[in-house]
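Note that the chains take the letters A, B, C, D, E and F in the order they are written out, and that residue 1 is the start of every chain.
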């Protein structure tokens, strides 16, 4: 089985970290291909960044279909491009926010999301809502760290993340923590151990859930909202992305 | 006051029709600039199309800020790029699905959306939900017309739209109809007259709502989720979209 | 265009202030008629007050229809009599709580209501709910001021309002403020400036939204719940309010 | 124990029928006082009618407090004036829609409301929603009968009501029926017997629930939203309703 | 009328206290039979305890049907076995959490539950949700007392309960308190008096609501989800509970 | 990895079929132990059956913990005993309704449940609601087959199931089907192929999801609602189930 893990931003050091987490999580026999798009923002911290990242994600899924990938994980906690990606993938496509929330709902009675910048609060809440997780979500806690600070050694960023995890358990009645950024994917085991409750990395959960569905020979349904894009011309810089077959 | 009305697809005949509807709706003294992006799909009929259209919308809002636009209407019933556009606009940005739903909630007890392809049902329902309109929405009725059929004379498309409007009133207990496609913006007066209930075109409503907010000197809040994009490098084909100032 | 702005309480000094705010908000060419009912409570601070105010509002809308009014704004943040008024008005009728909430949802990701007495909390929450704004509403903050204290110079009432606005931004993650009383309609510009985020007065927003809908030739739907009252006798002190035509 | 049952319309033949149902439902030792207001509409079929009926209900509760009533039932399925009445009553006040819905939720898995005119659908749905009964409510079925037709012998009105009850069980998966009009209060036993499922009359349920709460020495809470009206002047025709004590 | 009040745990001192509360609450002429199951946990503090208690409750309802009971109250604030009990009872079956929530919704604008161990928070919230009481519920406050501590004289347990009641009114905007444990049923009058707001014991409310429904000749609907169990064999230790008639 | 798949009813022919489906679904290296409880109903068709089945499930999980099981699947579409089982299991416990719903939400835009008897509709809807899947669930379709009819060759039961699956796609806008009974677990591949959309068997999905979580070293959180049962005596026939260690 070949799973493509797409870090939607273009910071390859983060892509490597995410790839390692994905490989650690994967079953024997699963090949992980971890990539970043060839265009787009170095980090995703808002809707504007996300809109460009979505195109990058789509580009990687298009290529992935040609490369024979069996499924995809979108490794940014805003799940950019998820629905569009499902239209062009035969296999399953899972976002890491989605994966983490579904995993949490199987393990506890309420989760807290610990993530980065306050400005993303509404986005996180929107996802919670879109996935039907309102009653599972006890709080969204922001560390006020920029995404790339997680990459800096000695920044104390990890400690601030763990502190918010502890507060979520103690004050918000959460019993599961969601690590709200692809860049936290190396912290799952450490935080789970330190706080005494499951801390879920969506990259790891996403890889395992894709494996599960592919293993059952289940792919994205092609009957309604995820049917393949209709063939039509695209113009200008996006002409190459047209769903119309070349020469069609 | 200068309002940019962005048809997110690249079919300029539709853009012209939308521009005319916008001008008909606008107050004296409002300048309407109706445009399509320079890149992207000729019609928007799914998430894949929408992802590319969103970048086109953003591009037009970026230019609009430099051109001194006071506000924006996104003239596709899926409201593509809306949240990202709000991050870069000082004034208000309104999608036509959003505008039509808010207008309907001020005029009736329940609306039905009459739109195009069955495959968009889930998208429409998602917007209904995101805008808090679940209790206002009585039904989503699809005509199974492709977007560009509305542009073809003699296709009978308008009659099929009107038939669904009548059924929504008679069978679904709706008392307001939302015209669920930018390409229907010329039908508002005719349908309102024929069915004996308000039929709302989101382009017209969007223009008027932008006027209303600009007239009150109210713009998009810059405190939380719609704060300006953080400066950062973008790479590859999207480098030119970086929020980082050139040479900054 | 002629818009009647109805202050549902009988304190004419407040009616004048509301009328001034309405005129400041209105477009050139809009005539504002600001009135209070001829009967009812001097302020509205509970359901009991509201029940009598509703009859006063209805009375003014009845007269307004005869006077050729094109639309109505109900200038009390509990929107008393709104649904009944819609049954007898041809044009649009908008309550200021409703107007402020819809405006806020077009400008930000979450609003807080800053209003008067704690006892009205449940009423405000009920409106938030009835209008589908649960996910937009971050908090309801009460100043514990009586409505008429806003009218007293040197009461410090305005400062207490502004303090709660600041707290709503800082602690509740709001990015838009709703001024939760018709008597605050003169504070919109000042508070918006001082707190650095949109502070929305429903009177101003209501006037502009009525203008928008009337400008589009859209009135209240007469198909279902807002159909005209059925002709029938009324007895006793309310006989004059019977929907039965005189001599009918 | 003395319970005042208020028929909010002014049709005394209906008041008598409601009074009889209330007496049939009441425990030994409970005195039922059935009244109509001295002013207002002869039937309640919309928000306009309801606004005037609410004042009539309030008037009767005011008098009831002076007469030593222990609790109140508001015998119109729109529950007009309920919240205002709670502000002035020491004991419990229950609307018949509310009573019927709560009773149904204790006896079945889903109810249907069978009521009169299509125009009231949105009002019924609003109550369902306000009382948290969305998941209990399987359907709202309208007979298209006017309220006063129920009073006419030989109108076939009862048969049409029963037909809709049967359809609600067979097609909507309901297992309890709510009789959605005070004028149906004499049909509870007959319909329950004929359809083989509980048909609940809110007048009967309301009387019993008031008895239950009074028996437990529980009255309306006076801490928040139902605190007594604040003393203040009322002007004009409503001066006599001022919460300010005469000469105060 | 004969009402069986089932304390689902096997601590008979608590059963006696519950029986006394039930008798105090009951109308003249109502016979209260207070029992505990013959098997199961001495207190119920989690789902595991609840699963066994449910079987005990069912056993008592089975016997109750043979004994001619007219209705049942399940006197544990988790309402264990409620839905199963309804399948085998002809009359009404009410849980005390359910009874208390419905009573509160008739008397105030928002309730707080004051209960025992933090670990039960999710269960309480689940019930709030299942009964449609999300908007009525202002908070769930836990005293961190074990159920049986309420039975110990001099434990200070009652004072801790009252302290949380006061905090719920002052900080959470509640105006009604629900006593969240069958073991608090003797505290209703005292707490209501001390805090100046209704404190509702579900045992008392449950008894009165069963009386109300039985008095109206209304029983559990047998049409859908509460239809009698289908006859079928049970094996092993539960063979005696088979719905199949002996020799059938 | 050792996963115990518990068929909560006592019909071993069904247990074998479920075991086969589980083994087909499982990864290489996973050991499936398929069991039925030693006591309880031969099929589960209501709350009464479910209450006894829950105890059987608990008994099997207790034994499973001693046997070194890594996780559990509860193979009845009502998920009986799920929450209690989580209190005593270290690893994950997943119900098949839960598993199927989560899988569906990763593959489509809306699912329909195709299941057995009409009387279970409310139970299914309750689960949909409890798992936050209201917006994903397009319909619940009942075949009116008894559970054990699925076991009878030549009953035509399978054809009736497939017919309802087709109708759900065609009329209810579903794009994924949930097989709403453990006894349908052998039909997943066939139905998926015949209807051209994913048909999900919860047994298969549950096994794979347990594998996924165990593979990530994630177990049930022990912090709040799923903390281990408190040690305490149980009396009578259930004494052996006491969480108190013998002699403890």
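Everything that follows uses one rule, which is that a contact is a pair of C-beta atoms (placed from the backbone, for glycine too) under 8 Å apart; a residue touches a chain by one contact, two chains touch by 3 or more.
Each chain and its UniProt protein: A, B, C, D, E, F = Hydantoin racemase.
Nothing here was measured: the structure is a model prediction, and the numbers come from that model.
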Subunit C (Hydantoin racemase) to subunit D (Hydantoin racemase), fewest steps along touching chains: 1
Reaching subunit F (Hydantoin racemase) from subunit E (Hydantoin racemase) through chains that touch each other, fewest steps: 1
Most distant chain from subunit A (Hydantoin racemase), judged by the mean position of its C-alpha atoms: D
Centre-of-Cα separation between subunit E (Hydantoin racemase) and subunit A (Hydantoin racemase), whole angstrom: 44
Geometric centre distance via CA averages, subunit C (Hydantoin racemase)-subunit B (Hydantoin racemase), whole Å: 28
Subunit D (Hydantoin racemase): positions in contact with at least two other chains: 109-110, 118, 121-122, 129, 135, 173, 224-226
Pairs of chains found to touch, sorted by chain label: A-B, A-C, A-E, A-F, B-C, B-D, B-F, C-D, C-E, D-E, D-F, E-F
Sites on subunit C (Hydantoin racemase) touched by subunit E (Hydantoin racemase) in the complex: 118, 121-122, 125, 129
Contacting residues of subunit D (Hydantoin racemase) [partner subunit F (Hydantoin racemase), same complex]: 109-110, 135, 173
Touch list for subunit C (Hydantoin racemase) against partner subunit D (Hydantoin racemase), complex: 10, 37-43, 45-52, 54-56, 58, 81, 83-84, 86-88, 118-123, 126, 129-130, 146, 224-227, 229-230, 232-239, 241-243
Touch list for subunit A (Hydantoin racemase) against partner subunit F (Hydantoin racemase), complex: 25, 27, 92, 94, 98, 102-103, 105-110, 131-136, 169, 173-176, 188-189, 192, 196-198, 200, 204-205, 208-209, 211-213, 215-226
